[in-house]
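Some structures to go through are shown next.
Presented sequentially are two complexes of subunit A, the first with subunit B as partner and the second with subunit C.
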Partner chain A sequence: MKFLSNHSEKRKAQLFLLFLLAPTVVLVLAVVAYPFMFNVVLSLSNMNIYHIRDWDVVGIQQYVAVFQEPKFWEILFKTVVWTGVNIVFHVVIGVFLAVLLHQKFVVGKPAWRVLLILPWALPQYITALTWRGMFNYDYGAINLLITKYMNLSPVEWLTSPFEAFAAAILTNIWLGFPFMMVIALGGLQSIPAELYEAADVDGASPWKKFWNVTAPLLKPVMLPAIILGIVWTFNNINVVWLVSNMGEPNDQTHILVSFVYKAAFNAYRFGWAAALSMVIFVILFTFSQVFLNRTKATEAAY
Partner chain B sequence: MGKDANAKRLGGIVGTYAVLIIFAAISIYPVSRIVTISLRPGDQLLSTSLAIIPDGASLRNYVHLLTETQFLRWMLNSLLVSIVVTVTGVAFASTAGYGLSRYKFAGKGAMLSGLLVTQMFPATMLLLPLYVVLIKLHLLNSYLGIVIIYTATALPFCVWQMKGYYDTIPFALEEAARIDGATPWQTFRKVIFPLAAPALVITALFSFMTAWNEYVVANVVLQDTELYTLPLGLKMFQGSMQTQWGLYAAGSLLVSVPVVALFLVLSRYLISGLTLGAVKG
Partner chain C sequence: MSRLASRLVLCGLTLLVAGCASAPDVPRIRIWHQKIGPERLFFERVIAEYNDAHDDHVVEVLYRENEEARNLFVIASVGGKGPELLFGPSDNVSVLALTESIMPIDRVLSDEYLAQFNDEGLIGWNDRPWMVADQVGNHLMFVYNKRFIAEPPETLSEMIALLTELKQRPDITYGLTWNYTEPFFFLPFLTCHGGWVMDEEGRPSLNTDATVNAIQLILDLRDKHQLIPGTTDYDTAEATFKEERVPAIINGPWSWTGYEQSGIDYGLARIPMNADTGLWCAPVVSSKGYSVNVNVPDEKLPLVRSVLEYLTSPDMQAAMARELSTIPVITEIRESEVMNENPLLQRSLSQIEVSRPMPIDPKMRQIWDGMRGPYQLIMNGAVTPQEGAELMQREVEKRIADTFL
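Our next item is the complex of A and B:
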């Protein structure tokens, strides 16, 4: 009898678990796993504007075409620069502001925090479109500011390749630092005050205190955020796409993800775009595995 | 010595406030530009003035936007899509997160890391195959496809979030409920679910924002301006710099104010939710 009730208890628990997980599993399988498989097939196919319905699996030639595309290497390099520059600025500005804000004497902390989180709260596409307006050569606020107050000559932000890329990076730095600041603020709260008091007794300078107390204790909190930040930034199509208006000038302002979006939905090179998507994914996946192993950032998670 | 230290301290205080003021100004400036441009009268759209309140400020852009464009229609569309995504997202993530937090089963680790891996997919990875499928199923230009894609996009983060939060709720509560004769569902619904309110708020906010702010997927799936969501509509205004810049600014402001307010009010929860997620995984 006891055995029976245990048995039915177990069955009930299994059914309940099934009920809890099934909706998510079904949805993820349908909208993530299935398209992923289909993408693998597409990447091995010749599907494009001329072969929309009568496409065939043709082997790895799309992958060969990706690596033979000279622009691929150039844009890969740009994507790495884009990601690196953004993350460095996000982390440095974010941690710096968090440390300043965390000091005891700062009054009105909630108000400062609200003001500084604003760039994160604003919808990303509005940020991008608004900054595009601000970078306008004749009427944009940036050129007006630098000509009126700094006596510099106006910059062709959106019409020269280097400047357009810089404009996209500036926009993304602006919208990304609050995330790192928020994470760092959370981490700072968990550092016991006694450690700083001990450092004060030793007569440590603020700089020393930062490197010897704050930095090592912030590291475990910041690392997962940095990995997430790198993945998000590497794949952030919104800012580049909208600030440069689909890669202007002349498709020279791209990172990989905007380049592949254009190839897919403006040039309809489906097979080629699917292959490039796979390449981007493998790059990110490999990077994150190496990074995770190196830093053991998920130790706490498992 | 004392004097010197005091001077240093004072310097630190002044420096801190100076930096905070500069960064706060940088944060606010682009928003203030949107306000300015939205208030400009029609003849001053191409102005080189940097004044915050423009000469002859008027609300004409807002009136025009609300009465003579499809703005309200787009807002309704966006609200509909976002609410459906939020409700589904909360329902799915709160249950799946609970299952992953409380039960041991084969494939649990794989499921958790599988969810993380989806974050590394470039936008086109799923969008392109889904686009091909949606064409086949005649679901282009419909909200069904878009709602499903948004929900699935927001889910991985939300499930992890919820799981992390449930992990901090002691088992003892469930055992007590069991002893009182509650079924697993009652235990979850009446005891644990209400306790997870802060995490649910984050999940709801994140799901809502995912749908409300999404441009790239909508741009591919929705082609009829009647069906546009707000991001597509606003992009259309912004496209023609000369004529509709004021409309774009007015619209952006109306779109942003509610989500920004919500975000700022909930940022306290957000901070604890995120760091919890970061520390606990």
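Our next item is the complex of A and C:
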């Protein structure tokens, strides 16, 4: 009887857990699993402007077409550059500012924090369009600054491929460093002060303290943030789309997601775009798994 | 139950009832449109008047930029949703009809009603009418500031001479400007060299001498004569003309009232002729009008018909011609005194006489998209005229081929 009673309690607990989990399961199935599976099916279909209602599953030919597209490899390379450069600057600037704000001598810390978080707090499209205005060749603030105070020639920020891509990167660096700064600030708060005191007793220089105390103890906080940052940046369509005005000039400032968007919603190549988005998914999924395993990012530091 | 708890329950119930209360249960007719500036204000005013006069249904309008409206409409329509009406340019029709997103307009409007419209008023594709227009236009013209230019130039050589002289003034930055990002603005230069975007069989025809010569003309205007800016986009071109730093701009009817509101004393003229070929720089001309979502149920069609007949009626087109200088597409109004009351309309018609009709062909999407990038590279001076023409042809052909994947 005791066994049955225990079993019944356990069963009740399981049912209760199931009851609590059910809404989440339904929600995840509806907004993640179903669209994902639909995208898989679309990627195997011939859905385009001529077959938007009567599309059929045709096999892997869209995947073949993705890898045969000459621009795919070029844009993949640009996406890697875009992600790498952005993340390096986000982390370096973010951690630098966080360490600076963590110093005792800094006066008015709350005000500095608010000021530095502002780029992140503003809606991304407003910031992106403002930067686009600032990059205008004739009337933008950047060129006025360059020509008036630095005595240099104006730069064709938005009309030359390299400069336009650089303009998008600069904008995204501006937008992204506050996130890393906030994460790093949180991590710094959790580092015991005794470790710095011990380092002081040992006569460690500020650089040694940063390298041997701060950096290793920030690692478990920063690595998941870096993975998140990489995935977000890799998939960040807003900045590239708005700053370069849909990949101008001549579709030479695309990253993979903006290329997918243009193929799907501009050229109505839904099957091909779905195949490319699956390729992006595989790239990011593989990267995240390898990065997590290699860096042991989820393991505790202490 | 304590008094506090009772009050909380009461408040909760009140909020619940208030939250559940919905708008009066009348059918809604939703319109997505791309009208901007004064035309949008006019549109919203007449819709408000329509709603005041009707209790049994309500019209709701939502502005969406043209590309966004068309793309979202197709996607919504395929999913069985979307607004009842879509307002946009006639070249949307082929994409909308091909994707079965709209229904033939003669399913909604009677033959008697449609008989009032001229050929520009009914947009057909594959032998069926799919759109009913409220205006024809969308054509580029040579817009000049009368403070600087008394008499507009007739030929390109006259234009270059006039603008070169004007550019000597210290308050003038450049002689002429237009949007460098959209190939729509390139077509007048192509047509005055005898070129066109597709041949008679609908194949892209951009790698031609005409394209090379058109590109060379633009590069000469920029580099040799230094009459146009090195780089610009639509907004910058508009701003420089409104600030009177540039005496002339190539732009369309949607912008004219804005110039008036900015206090510019402007004149309209045909984009000059190429004396070497004897051809006018002909822009494309297209109608703008309404299409009906294929998902509108039969019981709602009478309401949609009522809204459509109101928005495209002879009275409405006459009012638009008077207030907005749009060109009506109802024969009776086109031939009426309304056209003589407004000198802008006469000049606008004069440009339309030498314009090319916008092809109603789904390939136009790929042609615009394929031309856009090379056009930008040309305007940036990144490619030679020959390379530009070859690149345009290649990009358009690739996009057309890709669409069938």
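In the analysis below, the second predicted complex is superposed on the first by the 278 of 302 C-alpha atoms of A that agree within 3 Å, B and C clash if a C-alpha of one lies under 4 Å from a C-alpha of the other, contacts with A are read in each partner's own complex, and residues count from 1 in each chain.
Just so it is clear, a contact is a pair of C-beta atoms (placed from the backbone, for glycine too) under 8 Å apart; a residue touches a chain by one contact, two chains touch by 3 or more.
It should be emphasised that the depicted structure is a prediction, and the values quoted were computed from it without experimental measurement.
Per the definitions stated earlier, placing subunit B and subunit C onto a shared subunit A by superposition produces a clash between them.
With both complexes superposed, B is the one of subunit B and subunit C in contact with more subunit A residues. In the superposition on chain A, A:Lys12 makes contact with subunit B only, while subunit C stays out of contact range. Contacts of A:Ala167 after superposition: neither subunit B nor subunit C is touched. In the overlay built on the shared chain, the residue A:Leu44 is in contact with neither subunit B nor subunit C. Of the two partner chains placed around the shared chain by superposition, subunit B and subunit C are both touched by A:Phe265. Of the two partner chains placed by superposition, only subunit B is touched by A:Tyr125; subunit C is not.
With both structures placed on the common chain, the touch criterion links A:Val221 to subunit B but leaves subunit C unconnected.
In the superposition on chain A, A:Tyr139 makes contact with both subunit B and subunit C. Contacts of A:Val257 after superposition on the shared chain: subunit B is touched, whereas subunit C is not. In the superposition on chain A, the residues of subunit A contacting both subunit B and subunit C are 136, 138-139, 265.
Within the complex formed with subunit C, the residues of subunit A that make contact are 46, 48-50, 52-53, 61-62, 65, 136-139, 156, 158-160, 245, 248-252, 265-269, 271-272.
Those residues of subunit B lying in contact with subunit A across their complex are 12-13, 16-17, 19-20, 23-24, 26-31, 33-34, 37, 46-48, 50, 91-93, 95-96, 98-100, 103, 105, 111, 114-115, 117-133, 148-149, 151-152, 155-156, 159, 184-185, 209, 212-213, 215-216, 219-220, 231, 234-235, 238, 241, 245, 248, 252, 255-256, 259-260, 263-264, 267, 270-272, 274-275, 278-281.
Subunit A meets subunit B in the complex at residues 12-13, 16-17, 19-21, 23-25, 27-28, 30-32, 34-36, 38-39, 42, 47, 93, 96-97, 100-101, 103, 105-106, 112-127, 129-134, 136, 138-139, 141, 144-145, 148, 174, 178, 182-183, 185-187, 190, 206, 220-221, 224-225, 228, 231-232, 235, 237-238, 241-242, 256-257, 260-261, 264-265, 270, 273-274, 276-278, 280-281, 284-285, 288, 298, 300-302.
For subunit C in complex with subunit A, the residues that touch the partner chain are 67, 71, 74-75, 78, 95, 98-100, 181, 229-233, 236, 239, 362, 365-366, 369, 372-374, 376-377, 379-380, 382, 399, 402-405.
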